[in-house]
Amino acid sequence: MKTAAISLPLLLLLSGCGGVQSALDAHGQTAILLKSLIIFVVATCFVVWIIVMLVLIWSLMRRRDGQAADDRSLHRRITIAVSGAVAATALIISGLTIASFYTTRGLDPARDPDMTIRVRAQQWWWQFIYEDADPAQSFHTANEIHIPVGKAVRVRLESSDVIHSFWVPSLAGKQDLIPGRENVLTLRAERPGVYRGQCAEFCGLQHSHMALFVIAEDEESYRQWASAQRKEGLQPREPEIVAGKALFMARQCAACHTIRGTEASGTTGPDLTHIGSRHTIAAGLLENTRGSLAAWIADPQTLKPGNNMPIVPLSADELRQISAYMDSLK
Amino acid sequence: MKEQPVLDVSKLPLHGMGIASPAWWGTCTFMLIEGSAFGLAIAVYFYLMSLAPHWPPDVPPPDLFAGTCLTVLLLASVVPNVLVSRWAQQRKLGKVRIGLVVMSLCGIAPLALRIFEFPAQHVNWDESAYGSIVWTILGLHTVHIITDLIDTLVLACLMFTRHGDNTRRYGDVEDNALYWNFVVIAWLPLYACIYWVPRL
Amino acid sequence: MTTERRSSAATDVDLDDAELDRQLDRTWAGRTSFWGAIAAVDHKVIARRYIVTAFVFLILGGMLALAMRIQLAQPEARFINADRYNQIFTMHGSNMMFLFAVPVMEAMAVYLVPLMVGTRNIAFPRLNAFSYWVFLAGGILLWISFALDTAPDVGWFAYVPLSGPEYGSGKRADVWAQMITFTELSALAVAVEIVVTVLKQRAPGMSLDRIPLLVWSMLVMAFVVIMAMPAIMFESSTLIMDRLVGTQFYNPAEGGDVLLWQHLFWFFGHPEVYIIFLPAVGMVSTILPTFVQRPIFGYLPVVMALIATGVLAFGLWVHHMFVIGLPRLAESFFTASSMAIAIPAGVQIFCWLATLWAGRPIFKTPLLFVIGFIITFVIGGLTGVMVASVPFDAQVHDTYFVVAHFHYVLIGGAVFPLIAGIYYWFPKMTGRMMSERLGQWSFWLIFVGFNLTFFPMHILGLQGMPRRIYTYQPEMPWGGLNLFISLSAVILFSGFLVFFIDVARSWSAGRPAGQNPWNASTLEWAMNSPPPPYNFRRIPVVDARDPLWCGSDELPVASGLRTDRRELLISSVVEALPEARESSPRDSVWPFWAAIATSIMLIWSIFSPWAIVWGSIPIAITLIGWFWPKGIAEDES
Amino acid sequence: MSSTVSGPTFSGPIFSRKAFRLLAIAGLFVVALAVAATVGLLRQPRQYRVDPPVSAALEGLRLMPNGIAGSPPEVYFALGQPYEETAYDLNQGKRLYSWFGCASCHGDGEGGAGPSFLDGWWLYGPSMVSIAASIRDGRPHGMPAFRHKMTIDEIWQLAGYVKAIGAYSAKLTAPSRSDDRQTRPAENRAPAAILFDQGSAPVRRPKQGPSP
């Protein structure tokens, strides 16, 4: 039974299968380095465990015939064995420490990154600010970032309330976001893909629903996406969407959310200028469809209890119009 | 199991003094606990100092007068304290009584000075982390003075009752004196920390 | 003065055993009334209360674990809501650490240390009674707050600012902080008693190199408590001050720092693990020799390893903070120091293996649990080596990998030995054997259930499942393993159920045990089971490391202690040469009142700072009542 | 070294065990009773979600014709006046205070372009209804209406908080200090009472420099 239980993770490790958010499914420069360290350390420890277990079984099961021959020489032999084992422990430990040290050296943040993204974590969503030397070129988004493949992206980590932890396992190890301090992490995706991340430091009520997505794509797609994000929110033409926009501005929505190009300029909630272009809403809670947008707006407190978005009383028509407007903000 | 007496202890004293007394060891262990607490408070002080751009932040360093007087007073109180301890060792009831009364006064006087130490910091506990830590250090030490003062007062009363002339009481007086020495010695690094480190 | 009294006082010199037992019983036994029970100061009575209370908290904490497993069995379950779940995992951690693990280990010390060192009661028995009442009050405070939906919801580590004044509304975090004060107060009190008992009350001849290994481990544990607990008491007090009177310790805008909290917390929190673990390895080192009928191999290296563990415990707190963005140098240092702790652990494991190898194992339940301990603890230790590496930790920190790791260390490494210890010492504590059949059942259920429950968590962690989440989304690939874990937890629980049934049955209907059912070597087996209130009819005299394995049928003892007052022997620190006959306090209700007064002050101080002033007055009064001499025989000198 | 049969039993541990059992049973009974009673009376889970009909009913502020004082809707009492009493709602109110920019006119409660909450003077009376009405509908001389910026339960939370800043005796459930620059004692230390005693001047001038 034990062996089966032990070999299971090894199989998993070897096959490298992970999932949408797995340290073993490494696609970032750092994560790949960490994965090889993990495999090395786990394999070493597994061998050590097997040896200890063999000795244990031997000690328990060995045949004991009669009296021990010479107690003195026996004692000396055991002493040598135990000392040898302690020395081996020290050696293995030193080896692992050195391996750890060299991996750490490989992880140091890139000196001149290709781009910088500022993260402000809040209860319970991620605010991303794409910084640019030209302030007009910088823009905000939430819970979802796009990065170009093969570029070193510096992520500046800040928190606006409690401690959070930024963790996209397929790309890099985690790093805390601490109020009053700033941390830095370098992401470098080696392959295009959608990588899920999640807050890894307990941050209160909805810690479980604080996910983010990193979309790594080729340079060209990234550039297109970024220039689309810099634009102001689309001006609607369809009557339903026009009505939705008017409602958004008239009701409580605009007090907390920003849609660039309109009078909505609240900063308490996520920037919604291009909400329609994101894959998920509510920090990874729901897939972004018109239906889920409507469900979220209608009753955010049932879907994610305790989050900071209130239930705004809306009629069925109003709900449809607002969700249509949200959906149109590509 | 059958028992076989191999040792007769009936000649041993009914109560040990000094390191033969569990109370002495208990006092030492408590001093170790509280010493750790004081050490931690100092560590926190330096930790906060290492984070601050200026130290003390935005306020002048504390006025020296009250704190220094208190330090001198505490140091001076070690003399009667050691004497009381010695008299207790020699089981001189009359002298111990007088000594304890003197030591009670030596406990009250620093409290009076301590009242002036808090305003001398030029900062309130709720204004900055600097204020919080100096108030906490002062408060922590004040609690120790008060605790020992109450112990001294109760012992002083006890020595005037029929329970006074007892080796056990003399041991208590010694332990109390030991603890007061600890309270005095613990103050010195705290004093240096609060009053002199901001002037460095 | 003392000479006349001594000649007139009753000593045990010329009495036969029955008469001596009768006289000692009259002096040492407590009264049987309600107030007699409240006033009890016998270390065995107090320890039994401690153990029973701690196991009640274990059951309650286990219920919480079960509730969490039900919630996590499937994605987006609605069995428990987020708010309640956060309270539950906080309660589970705080309860298991502060109300179960530390108290139960200290309780084993309170029960066993005086018996093993050959004395009649623990040092400062009234402080011991006080510590129990304070501990009980702290536990009740926490659980009542849970019943009232005001339980802490900030994790057992209570990181600021989440637990701080701005984000922790209500009194939830204060309840946590003050519960800490209660339990740490009691832990510190017990630590003081253990230190003084071990250093000053050992039987004549029990020099430092003859102390049983359990006693050594408890001594080291007590010193770790003394050095580590002030940090958390300081911290919980500053948290309450930040929340109540507006101090700025953890406010970065006014010069405070949120990481200060983490440093202080883990400066206590890491040694806390060793506070739980050291007594457990002490139990292993005591039980193992008995079941191979051979002294432990490498007494001295094991003692050195215990001390080294205790010292190193203070040098690796930062490995809980590897992802906060520390300088590389600090990270490397703490990686090395965290790895280094594997060496003393290795020394002990190899010495146990050598002992097993050289002896002839008798496969009774306690030994089974010890073997289960070795198997699981080696896993826990090796995963500990893994998380000690900064880059490894960057991926697994705050994931289920860490959950698996510390359950392997705490259940595999501490609860297994504890259950072994209960099976082992139950006959001594109650005079009755536990069932071997049920024991085997409970071992296999617990061992298999434990591994099936916690091993898959390693995989979940590597698959990216964070800790402390009340639910996860269906698209995450964690559902299957979580369901498997929840089902396995049922096996684990049934194992504990069998254990508790065994305890309940054996307590009233077990086979009588006799003095030394296991043919063990240490002094606690030299008296009847359960031990009489005075432990030893005459204080034993020790001339070997394993006093009951000397081949003689007779126990060398010291005579000359008085029987008309509670008297025990004080000996020197190193050689254990007799120094004095010291009295041991009689029963008293004052510790109970002092604990009540302390509890009132502590709970009141959650609501008003003035509680410190006004609440101290009743405490002072009760303490004066406690220490004021009553002019009885115990006061003579 | 064979184990011997148990010797004579001693009264001590057996008696104390009996007494202990008695104590344990009595203790457990008392604790269980106390817990059951208090749970029934006091258990007050946090309300994260206000049912739409309830929040519609919360709109029914009945003000006197002059806009000062009045009575809150029945549902407010049916809920148990949570917005004035529960720590969670008061704390939420405090966050709304900063999110909706109240500080730009009222400061930290000491006032500025708008009136102070700490001086004991309530232009429209100190009742919850009139505070809620001031927030919802606005008042002459610059107080804007927040009807379209906040939902009604948020308005009630904010009103409860505003009342708590100006209270003369601090509630146990009032919020503690914030993790920010300090300009006055926190709400749970009754800043209004402290400042009023000192002649309604702030105890300490705000420090220079930007707040993080």
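Chains here go by letter, A, B, C and D, matching the order in which they are written, and residues are numbered from 1 within each.
One rule holds in what follows: a residue touches a chain if its C-beta (ideal position, glycine included) is under 8 Å from a C-beta of that chain, and two chains touch if they have at least 3 such contacts.
Not measured: the values here are computed from a predicted model.
Q: What chain is most central when centres are computed from CA atoms?
A: C
Q: Quick check: more C-beta contact pairs at A-D or at C-D?
A: Spelling it out, more C-beta pairs touch across C-D than across the other pair.
Q: So which chain is the furthest away from subunit A, centre to centre on CA atoms?
A: B
Q: Could you put a whole-Å number on the gap between the CA centroids of subunit A and subunit B?
A: Taking the mean C-alpha position of each chain, the two centres sit 52 Å apart.
Q: Report the inter-chain centroid distance for subunit A and subunit D in whole angstrom, where each centroid is the mean of the CA atoms.
A: From the centre of subunit A to the centre of subunit D is 35 Å.
Q: Taking the mean of the C-alpha atoms as each chain's centre, how many Å separate subunit B from subunit D?
A: 41
Q: Give the residues of subunit B that touch two or more other chains, as numbers and ranges in rising order.
A: Where subunit B meets two or more other chains at a single residue, that happens at 1, 126-127.
Q: Give the residues of subunit A touching no fewer than two other chains, as numbers and ranges.
A: 179-180, 305-306
Q: Give the residues of subunit D touching no fewer than two other chains, as numbers and ranges.
A: If we look for residues of subunit D contacting two or more partner chains, we find 4, 46, 48, 177, 179, 182, 185, 212.
Q: Output every touching chain pair, sorted by label.
A: Touching chain pairs, listed by label, are A-C, A-D, B-C, B-D, C-D.
Q: List the residues on subunit A that touch subunit C in their complex, please.
A: 1-2, 5-6, 8-9, 12-13, 18-24, 31, 33-34, 37-38, 41-42, 45, 48-49, 52-53, 55-56, 58-60, 62, 64, 68, 74-75, 78-79, 81-82, 85-86, 89-90, 93-94, 96-97, 99-101, 103-104, 107-108, 123, 161-163, 165, 167, 169, 172-176, 178-181, 183-184, 196, 198-208, 211, 284-285, 305-306
Q: Considering the complex alone, what residue numbers of subunit B touch subunit C?
A: 1-16, 19-22, 25-26, 29-30, 32-34, 36-37, 40-41, 44, 47-48, 51-52, 57, 125-133, 135-136, 150, 154, 158, 162-163, 166-169
Q: Could you pull out which subunit A residues touch subunit D in their complex?
A: 179-180, 250-252, 254-256, 268, 299, 301-302, 305-306, 308, 310-313
Q: In their complex, what parts of subunit C are in touch with subunit A?
A: 81-83, 86, 153-155, 159, 161-162, 166-167, 252-253, 257-259, 297-298, 301, 323-325, 328, 331-332, 335-336, 339-340, 342-343, 346-347, 349-351, 353-354, 356-358, 360-361, 371, 374-375, 378-379, 382-383, 385-386, 388-399, 448, 451-452, 455-456, 458-459, 462-464, 466-473, 475-477
Q: Within their complex, state which residues of subunit D touch subunit C.
A: 1-13, 15-20, 22-24, 26, 31, 34-35, 38-39, 42-46, 48, 86-88, 90-92, 172-173, 175-182, 185-186, 188-189, 211-212
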